[in-house]
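The following pair of complexes shares a single chain, chain A, combined with chain B in the former and chain C in the latter.
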Partner chain A sequence: MAEMLSPLHTKAVPGRYGAAGNAGVTLSTRPIANLWQIAGWQGFGDAAAPVLAALGLTDGGSYRRSEQSGEVTAWRIAPDKILIEGAGDLSAHTSDDLVTLDLGHARAAITLSGPAARDLLMQLSAVDCTPSAFGLGEFMQTGIHHVGVLIQCTGPDNFDVLVPGTWAETVWEVLHDNALPHGLNIDEAA
Partner chain B sequence: MIRINCPVCGLRNETEFTYGADANVQRPEMGEEDTQPWVDYVFNRENPRGWHREYWHHAQGCRQWLVLERNTLTHEIGSCQLARGVEA
Partner chain C sequence: MKRLPTGGRIDRTAPLKVRFDSQDLPAFQGDTLSSAMLAGGVSLVGRSFKYHRPRGIYSAGVEEPGAIVHLRDGNRHEPNARATVTEAFDGLTATSQNAWPSLGFDIGAVNNWLSPFFSAGFYYKTFIGPFKHSTKFWMTCETFIRKAAGMGRATYLDDPDHYEKCNAFCDVLVIGGGVAGLSAALAAGRAGAQVMLVEQDVDLGGAVLSDPVSSDGDSWVASALSELEALNNVRILTRTTAFGAYDGDAYGLIERVSDHIKAPENHQVRQRYWLVHAKRAVMATGAIERPLVFGGNDLPGVMLAGATRTYLNRYAVLAAENVVVATNNDSAYQVATDLARAGAQVLLADMRPDPSEEVVKLAQQADVTVMPAHGVIQARGGKKVTYAMLVPVDVTGRAQGSPQKFEADLIAVSGGWTPVVHLWSQRYGKPVYQEDSACFVPDAQEGQTLQGAGTAAAAESLADVIAQGFARGAEAATAVGHPDSVGIIPDAFATGPFWQQGLHPAWAVLTPQGKTQGKAFVDFQHDVKISDIDQAHLEGYVSVEHLKRYTTLGMATDQGKLANVNALSRMAELRGKDIPEVGTTTFRPPFTPISVGAIVGHEHGRHFRPTRLSPIHHWHVENGAKMTEAGAWIRPWYYPQGTEDLTAAYIREATHVREHVGMVDVSTLGKIAVQGPDAAEFLNRIYVNGWKTLAVGRLRYGVMLREDGFVMDDGATARLGEHDYFMSTTTANAAKVLAFAEHLLQTAWKDLRVHVTTVTDQWAAIAVAGSKARALLTQVSDADLSRETLPNNHWTTARIGDVDIRIHRMSYSGELAYELYIPAGFGRHVWETLYAAGSEFDLRPYGTESMGALRIEKGHVAGPELEGRTTMKDLGLEGFASSKKPFVGSVLRKREVLEDPARPTLVGLEVEGDTGAKPGSLLFSLAGEAKGHGDGWVSSTTYSPALGKNIAMGLLKNGKDRKGEVIRIVNFVGDQTLKAKVVSHHFFDPEGERQNG
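And now, the complex of A and B:
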């Protein structure tokens, strides 16, 4: 199998940038492990149920909260669409009622953390990212610099940002430039 | 500022959405032979002062088409539903 090259491999240069003092924001990237979309039409719930059960999932979560089972994460991104990461190749589940689509090559994952991470996200998107409105395990689909992104809260001040691959450099630059006043640390890719 | 209560994503800023079209327009029956209903369907729109039903797209969100009520005078937002669940 070909090794996936992140669209950010030239951008994510480890180091310490921006304002002095403690870094408010840490940026990095992580590889995306088998990101697939399952989608359908009316009756999607019935069509998706056996797939979710086979992956150890119940209902794929809600529109706000992802569902986790071992290495598998599911995001219910629309009434008849679920994104699933970490479950391997799902093409065998394709049927007349269910479409499976490999998006592993079409997204990049940017990881964002640090005491100013929530401030940075609220600066760049039109959603409330305070801890009470956006907690661990929750996700939001929104826009950063007019690019549609999915943001998953993975810790108290930790986030994964799934970005369309062709826009990954743009979103990275926006995050990078706006993180500089907070003090920016770029970590090695996971 | 307009905020729209998307049935999927919750209350969001209008900047995440794109206006689509007038949701009141109905296509004539395909067997309609009079030209005026087709002219009205393609070109003519009401321009009401007050409540209006509109298609909006949550382009930077769940990417669903919505039907929402908007007051053209006050920009007040009324009900918002998935377009798939609304009879045209």
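And now, the complex of A and C:
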């Protein structure tokens, strides 16, 4: 059985790096399975509704807040596009009003946590990542090191960073090097 | 100069080793380099920019023009540091700059005697003026002038430290941690706004830090600070300078994280660049004392009055014991009083005839001798002040009698105060002149999101400072939605005569004839004298902006913080106007010098720009490939065997592909999913050729143009399903094509139900090329790849092991070839599977260099030909254009200039001899002179293993009609001329028998 290789398979080397003391940042990776994009045009809401309902979702969230149902997460990345993780193959939902696209190999997921995680994000991304501006369940599409990324807030100081696979190492390295002053812990890949 | 046994804000239990040139300085924690210098008796610190005149410590702050030094050694060496804001630390080493062979004996000082030749604009007159037709002489002289003039020397060693950037967001940014800033932060913080308070000093307090320890001001600051620290919505940053105010309410800050220690510790950064997005800002940046202008006013030992008080009260350093204080306002009386009480003999010369009884009494109670209606007309001494020449003056500063000589080792001057309005000016333009304070202040208008407070806005008393700060803080908080109560305004505390109280705006002491007695400087850092301004005026410079550039006034590290107002005063006098009519220059960032490293942050070295890696990247590296940059991508260039160099390797690899089979990683190709019911119509519009007849299972080569008719890109697009297409683009243009398509769909073609999405990251791609390609792939996959089942320009699904892939039959090399599209996570697995299975077929990987050689042999165009200046007709692609439909660029490609038959068109070139041509070389006919742009240019070159000769592609005027002609290839840069025969660019297998086989 062929093993699906993460773009970060050489990077996530567990260990303690950078400043001594308590680690301010913990980095790791997690696998992405079944990442699909559904997209439509005028009337997208109606076209997407049956798909979302079948997945236990309501409206696919807003442009800032993802929607979650069990293992399924939906991000409304554009007015007429929703990215869905964990829902399996959605190609069967393709119609004249809705197109589906498999992006399961197109992204890598970097997990970022720790008391300095928000500081690190604000070093690298020109968006407000303070708790009042970026809370649990919210996401943003922004750039890290000129690479377009989607950042999901998964906990008080926990984030998933979805990165295009071919850019994943460069984003990891920038996160890694900028985390060193905070004290960096790298966990085993999930 | 001496360190007092008590007092100051230094920690006497923490002595530090600090060295300047060869002298150890008695320093303590809390000192600056300049206070340690004064404590150590150092008066001569540097040499001036142009005349190499002796320079000492003139101030105690960021405005310092004279005490500019080198800091540290080796790769942490830093030039042009201001000693006055350099915190002393254990192990600090500093050296003087702009002096040779030594600071005390500086050969360059001869310039001082030659100063009549070095007046304003002497560069232009002396070195350019007489040689109007050439700058050659100037260029020669410039080398020597630059050596003689100038500032410190930078190091060429890599900076070992790290810097970082940070973004921050707040409701209210308060710039300046003095009394006004603290008041503003208190009001905004109490109201509940998110507040950032930034202060360039290590401690908060501003001017209070120059008061004696344990004064009322200390209690006031401690109380305010205590309250602010208890507010979790207030963030305080010290050692942080706000250097720039920009549109969109963005502010640039530099935090000096580790400058106060020998080297950053525990992985910390040296400096941090903050980009603060603040809804409102309060500029509580204080004011800088102004010099007085008189002969010899640049001698070491002439110092701003306020600075002498700072050294006394903050650092417990008495800068001299025999002091003349020269002033035109009340604030210097407090200075004189404090110096006298510390043990100095103080004589105060006040240019005003009738200073207030209150201040005179204050001074006299401290045994200060007060001389009203007197000014210093000249400072005398060699390398430091030894005498002050005092003279009775009228209200304009003109001498009214004979000078008297007074012994002095320090002349403390106060010519008034200049509000620090730089940040406001950066946002809103020129400040306005306020007559009664004789200074420029912000032209505050409603709606401005940056407002001044305190002495930066010419507050009239300490109570006014507090009131202004508190009011601006409260207003800012209210404006951003925090109208809550701000509580009671803090009380004012007792202080001495307030800044420039009673100011009389006389700025210079001159002879009755209006002359200076000796060289009198307006700008100390660039050696600009009154006489230079006079000369500029005589030469017709009436604009303050021109004056600045002609005389270099207001440039360098101090950026005119000390010089501007005095220069404007002189200019106004000369023009018979007042200062507002003369105007002022506009301030630009940065407020103080900042490190380039901090702006760069992490974006250097391997993070200079982002890099992009194929899913198979690590296999290439592990197997010895030499990698190369292709845009952001890092690609395998060639796979050397043994000691092979690039040339040997690519010739071998290309030969191998022609003779056996090779595979190359083409994951970098742009890949775009085109989906929707109108996808075919979309393709019809964006490509020049037709797409509506393309069946599922087929693919087609397409060309797309820009709207102006030039070729933008090419590539193959496969039809995967009814409404589902897979477009490939060149590696270089992938992002451009996607953005172009998205732009059209969101603007001009909103009627089309199409989505375009990049899938470059989703798919790894491998091209397998060579006569054995079919046999290899048939063995490793389950696909029927026979010529009949999968002819050229068709695709099929297939399985390699348990991985589902797509195989496109198409060729870039001219060989029988297939492109495999593999889900990226399995890209390496499939590559390795092919590699393992390929041994019996003698499969070899090949890199971008041999890939390029193969495509040139075949005559395919690529980036060097699709460079934005070529049309389809130029490239022989006209046949792809459909005449049955419009497409992007279909109209403008028919412009007369693009239809000109003489335009350079694509040709092949067979180069004579063993040397290949260089891309970019120009093409000339054999006859005539090789001059100008020639008949065309070489675009791509290679050695062709298949043909056994050097070949090239190029664009040549009337190329179609010149087949067989021998022309010259001239590389002017490399001084190389070659001969080549013009041929078809389809060098190899023009009938396509191999790729269609």
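As a working rule, the second predicted complex is superposed on the first by the 187 of 190 C-alpha atoms of A that agree within 3 Å, B and C clash if a C-alpha of one lies under 4 Å from a C-alpha of the other, contacts with A are read in each partner's own complex, and residues count from 1 in each chain.
Everything that follows uses one rule, which is that a contact is a pair of C-beta atoms (placed from the backbone, for glycine too) under 8 Å apart; a residue touches a chain by one contact, two chains touch by 3 or more.
What you are looking at is a predicted structure, and each value in this text was computed from that prediction instead of being measured.
Peer 1: Please indicate which partner A:Thr142 is in contact with in the superposed arrangement: first for chain B, second for chain C, both, or neither.
Peer 2: Only chain B is touched by A:Thr142; chain C is not.
Peer 1: Which of the two partners, first being chain B and second being chain C, lies in contact with A:Leu101: first, second, both, or neither?
Peer 2: second
Peer 1: If you count the residues of chain A that each partner touches, which comes out higher, chain B or chain C?
Peer 2: C
Peer 1: Is A:Ser6 contacted by the first partner chain B, the second partner chain C, both or neither?
Peer 2: It touches chain C, and chain B stays clear.
Peer 1: Which partner does A:Asp177 contact after superposing on A: first (chain B), second (chain C), both, neither?
Peer 2: second
Peer 1: Have a look at where A:Ala126 lands relative to chain B and chain C in the superposition and call it first, second, both or neither.
Peer 2: It touches chain B and chain C both.
Peer 1: Touching A:Pro79 in the superposition: chain B (first), chain C (second), both, neither?
Peer 2: In the superposition, A:Pro79 contacts chain B only.
Peer 1: Once the complexes are superposed, what residues of chain A are shared between the chain B interface and the chain C interface?
Peer 2: In chain A, positions 126-127, 146-147 sit in both the chain B and chain C interfaces.
Peer 1: Given the complex with chain B, which residues does chain A contribute to the contact?
Peer 2: 63-64, 77-79, 126-127, 140-143, 146-148
Peer 1: Would you pull the chain A residues touching chain C in the complex into a rising list?
Peer 2: 1-7, 10, 18-21, 37, 39, 41, 80-81, 94, 96, 99, 101-107, 119, 122-128, 130, 133, 145-147, 164-167, 169-171, 173-174, 177-178, 180-181, 183
Peer 1: Applying the document's contact rule, which stretches of chain C touch chain A when the two form their complex?
Peer 2: Residues in contact with chain A: 162, 164-169, 266-269, 275, 277, 602-603, 606-607, 609-615, 618, 667, 673, 675-677, 723-724, 753, 755, 757-763, 801-803, 823-830.
Peer 1: Any idea which chain B residues touch chain A in the complex?
Peer 2: 8-10, 12-13, 15-16, 59-64, 82, 84
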